[in-house]
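Below are structures written as structure tokens.
Two complexes are shown next, each including chain A; its partner changes from chain B in the first to chain C in the second.
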Partner chain A sequence: MSFIEVEFLFFLPIVWMVHWLLPRRIGAQNAALLASSYLFFAAWHWKVLGLVIAGTIVDYLVGSYLGRTTGSKESATSRRIALATSLLFGLGALAFFKYEGFFASSINALLMSLGFSSSLPVLKLALPLGISFYTLQRVGYVLDVYWGRHPPARTFLDFAVFTSFFPQVTAGPISRASELLSQLQRPRHLTADLLARGAAAFLMGYVLKGWAGDSIGNDLVNPVFDRSTEFGVLAHWAGVGGYALQVFGDFAGYSLMAIGVGRLFGIELPVNFNFPFLSRSLPEFWRRWHITLNRWLFDYIFTPLTTSRGWFRGRIDTALLVTFLASGLWHGANWTFVLWGALHGLGMIVHRNWDEIYRGWCRRNRAWVQRRKSWWYAAFAWLVTIGFFVLTLVPFRSSNIGAATDFAARMFSSPGDALPPIGINVMLAVLVMIGYHLLETKHFAWCRERYFALPPFVRGLTYGAVIVFLMIKTPVASGTFIYQQF
Partner chain B sequence: MEESSTWKSVFLCAAGALALLVLADVLLARVAPTQPLRELRDGISDFRAGDPEILVLGSSHGRTFHVLGQELSRRRGAPGLLVSIPLENGKLVPYEWVLKNRLLPLITATGTNGERMRGNLRRLILITEWWDSCSFTGPGRPYWNLPGRAWAFEHYVNDVIDTGVDSYNKNYLDHLYRRLFRRSVLVQSRGTSRIASSVERMIAGQATLRTPEEEASYLAAWRKMVEAGEECIGAPEQIVALRRILTTSLSLGLDTTVVLFPRKPATITATAAAGTIEQFHHLASGVATEMGVRFIDLTLGTPLDDSDFMDDYDHVNAKGNRKFAEWALDNDLSFLLEPPANTP
Partner chain C sequence: MQPSDIRRLVIDWLDDNYHFGEAEALIGDDEDKSFLRNGVLDSLGFVKLILHLEDACNVQIDRKDVSPANFDSLLKVVTYVSAQLTKART
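On to the complex of A and B.
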């Protein structure tokens, strides 16, 4: 069940009313949220609940133990064993369901190429709903408790809701314990502001995901990628550019909807996308795109690597590469994602070294500082950043490395000559995406201010118009949700 | 919603949104009106509430028999004689599912005295045509019309327990959602191009659904489809279902009739008449004869002409329904005017 499916039209109003009709006590509210969340999992398949509940019990017990033994030197070994147990269970389940087939087939292929016979079983397992997201959230919690950054959950109920809160299980945002668990440990109250901001976020998310992203995907991206040989060079560039917008609409839209639903239950989830196409450097891009995953990767992979006493200490470039390889692998069990991660790791390394060089120039001559503030530097930096991101989406969207290579080659010379399939719907969707970003810039701040200064009834009319448009243009449960597959 | 909202502003905002939604719905209903159609659920409700003599099972064409039922009641001076159970986009396998899972429990239901609660039932008419005997091919679970049109809540719950929510069983909730907002053109037409194309036609000043070129292309597509039907008719699972339906009906002691429904004459080319239509006639009549049930082929044997069919070329329009009802009760279906002699 995703937020754009018809089930959700029935599910949300019912669980929302039940939640707010119950006494405003932590226990009652969290019990309602847990029941709703488990129902949400069960709708995918009730068998997945066993995995969710087992992982929750393990991490709750480990967290409680780690919390009790914080600062106790004699228990260091047992604390490490407890931590290892939790990580093995959580990451082991993720590895088994998500990567077993990938690693088994890769090892088989490698051994075959070396002349050995190998037939490791390649299991084609369905990826349990949300496992990539809730696993990282739990691992983050256990590590935070282990390092003493956050106290353990007070009750099993609080922790169970923290790891299964239904708005975020499908595709994040991935919350830190300090963000979500702390909210779950106090009673929530529905305020007009939360309701209004929740509904607005949900509607904006629906526009981005339910209409804009899916329109660009169905009308432009899928035809170009699926029948690449029929299209000319221009269509290939338009296709991959469109894919960047599709993925953004799909994921940023869904994240916004999750945030909106969270607010309806009195819970503020972390922002996951902050207008990434305004970025002028790769590090800035990754601070704006899938924010909660990237900060997780930097909190729990990059920082421990570079600050530990091991080999990685001080080797920032290598740690960057490892971090982005992990990001690629997280996105999918396929060499195309590994390549995508490697390209971004290398991009980050190049940027870091370029930044070092540029700072050296700035220290020698202040004119370089002014150049960096010029509009043309900003434009060039934006073009390089967004251009690099868009180009790396070729392997990201392709089914295998060979297909990615073929597609990339056709971006410069293609046997086909068909023009990009850009109709009025795609053009409108692209304009909405551009407008969504531009409104965030200071140049268009006046638009936002004037809009929000309108009388509430008039603003309501505009929301109504958007809903009418969505009802005319989008079927219930249109398209697929890209990030649910990760 | 940048500034902090108050309950008053939220209420006014919601009122504005709702006002525009209602206004748009009312205005769009004038441009692209939706017609409430009789569905399987209506038939089940009528059957549950009444005690008819005749049950008509079939695809959306069963709606025509609802009009025939009204004419029959008028002529015999008895209300509720016939209940039609139309399953949109039906095929023989889903008809069997409906008979077994939805109708049989009602047919065989007994009261406290041990007698059947619907003891008047004497006849079953199965409405079919060549298309019903072709099986769906391709991935996924077929008969997606069943969850939406025929399932009860318990069927939905059982399926979700078995498979989780999927694209097949979600049709149940999709149709429930549509039923909840039966009068809303925005809900009924959601995600289809109906509203957009109606608005475009209105702006262009086009009075008909299609331009002459589109009409010719649509007709050609229909003719091609009917001609190609001979490649798929008589799918084994559909014929097995047909036999089972007839067997069940006979075992209940019902006077059973198989009727091949009228087709729009323009859609039947000479090739189709000699191929698909002729072959299906032989196939269906063969099964009917073998099972000892009445067989009536109305495919092209009625006074219905092209103007008696809807724009979709498939269904009979209101004028055609009345014409058909009057003609059929004077001719091939005149036996319905007399109460049957048999008893279950």
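On to the complex of A and C.
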């Protein structure tokens, strides 16, 4: 069951009513959320529940023990053993289900190329729903408790909801304990403001995912990537550019829907996308795109590697490469994702070194500071940043390295049709994506402010019009979420 | 090293590496203004500031302390480093 499937249209109102009809006590509300969340998992496959519950029990027990022994020097070794047990269980399950096939087939291929015989079993396991997301959330919790940054969960029920809250379990946002667990430990109240903001976020998310992202994907991206040989150079550039918008619509849309559903239950989930296509540098892009994953990677991989007694203390470039390789591998068990991660790691290194050089110029001559604030520097920086991101989507979207190389070559030389037949729907969807970003800039902020200053019933009418539009243009269950498969 | 010296050290580092004479104006009167949310520092700069403080103040910053709770504003940095120096002396 996902947000865009018809079952969800029945599931959500029922669990929402049950949640708010129960007494306004933490225990009752959290019990309703836990039952709903486990039902959500079971709707995908009931066997997944065993893995979710086992991981929750292990991390709850480990977290409680670490919390009890914080600051105790005598139990340093047993604390490390407890932490290792939790990490081994959580990351081990992720490695087994997500990467067993990838590593086994890669090792088999490597050994065979060296003349050895190798037949490690390649298990074709189904990836349990949300495992990449809830594993990181649980690992973050255990590390925060281990480092004394957050107290352990007060009750098993609170922690179980924290690790399985159904709006975010499919594809994030990946919450910190300080963000979500703290909200689950106090009674929640439904306000008109929360309800309105929740419904608006859900509707905007549905527009981005259910209509805009899927329209661009179905009518432009899929034909070009699936039948690459039939299209010319322009179609390949349009295809990969369209894919950038499709992924954004798909994932930012999902995240907005998750945030919207969370608000309906009185819970504020963290923002996951902050208008990434306005970025003027790669680091800025990664602070705006899939924010909760990137801050996780930064907090739990990059910073520990580069500070204190970390393996790469002071070697920021090496740590950047390792962090982005981990990001690539997290996205999928395929060499295309490893390549994608490596490209972004290298991109970050190039940017960092360029930044160092430029700052050297600034120290010598303040005119360089002003040049950096000019419109032409901003325009050039934006073009390089977004252009680089779009180009790296070629391996991200391709099924294997060979297909990626072939597609990249066709971006420069390819006979064939200029473009697949594109309807008004795709053009409108692209305009909506651009408009969505432009409204965030200072030049167009007045449009947004004037809209939200309109009387509620006028805004209600516009929401109604959007819903009618979506009902006409978007069949329910028309697609799947790209990030759900990660 | 006094808190005022640590404050100066951070301002000078920000000026030398990121804001070229404008750091103090950017931070303004509210010295607890978030570095990350107000564009004073990005996440890479955050790590570089920590490495600089370790070298310049001769303190060992523990991994568990590396978080915005201790380094996300001028006030937080000065408070944290002062406490570490006091701890090292006693």
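FYI, the second predicted complex is superposed on the first by the 479 of 486 C-alpha atoms of A that agree within 3 Å, B and C clash if a C-alpha of one lies under 4 Å from a C-alpha of the other, contacts with A are read in each partner's own complex, and residues count from 1 in each chain.
One rule holds for everything that comes next: a residue touches a chain if its C-beta (ideal position, glycine included) is under 8 Å from a C-beta of that chain, and two chains touch if they have at least 3 such contacts.
Nothing here was measured: the structure is a model prediction, and the numbers come from that model.
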Which of chain B and chain C A:7 touches, first, second, both or neither: first
Chain B versus chain C as contact partner of A:464, first or second or both or neither: first
Partner chain in contact with A:255 - chain B first, chain C second, else both or neither: neither
Chain B or chain C, by number of chain A residues touched: B
Touching partner for A:46 - first (chain B), second (chain C), both, neither: first
First (chain B), second (chain C), both or neither touched by A:304: second
Partner chain(s) touched by A:474 [first = chain B, second = chain C, both, neither]: first
First, second, both or neither for A:36, with chain B first and chain C second: neither
Chain C-facing residues of chain A, complex: 146-149, 283-284, 287, 295, 298-299, 302-304, 306-310, 313-314, 316, 352, 359, 362-363, 366, 369
Of chain B, residues touching chain A in the complex: 1-10, 12-21, 24, 160-161, 163-165, 167, 170, 173-174, 176-177, 186-187, 189-192, 195-196
Of all residues in chain C, those that touch chain A in their complex: 16-18, 20-21, 42-44, 47-48, 50-51, 54, 60-64, 66-67, 69
Residues on chain A engaged by chain B in the complex (per definition of touch): 1, 5-7, 9-10, 42-46, 192-193, 195-197, 200, 448-449, 452, 455-461, 463-465, 467-468, 471-478
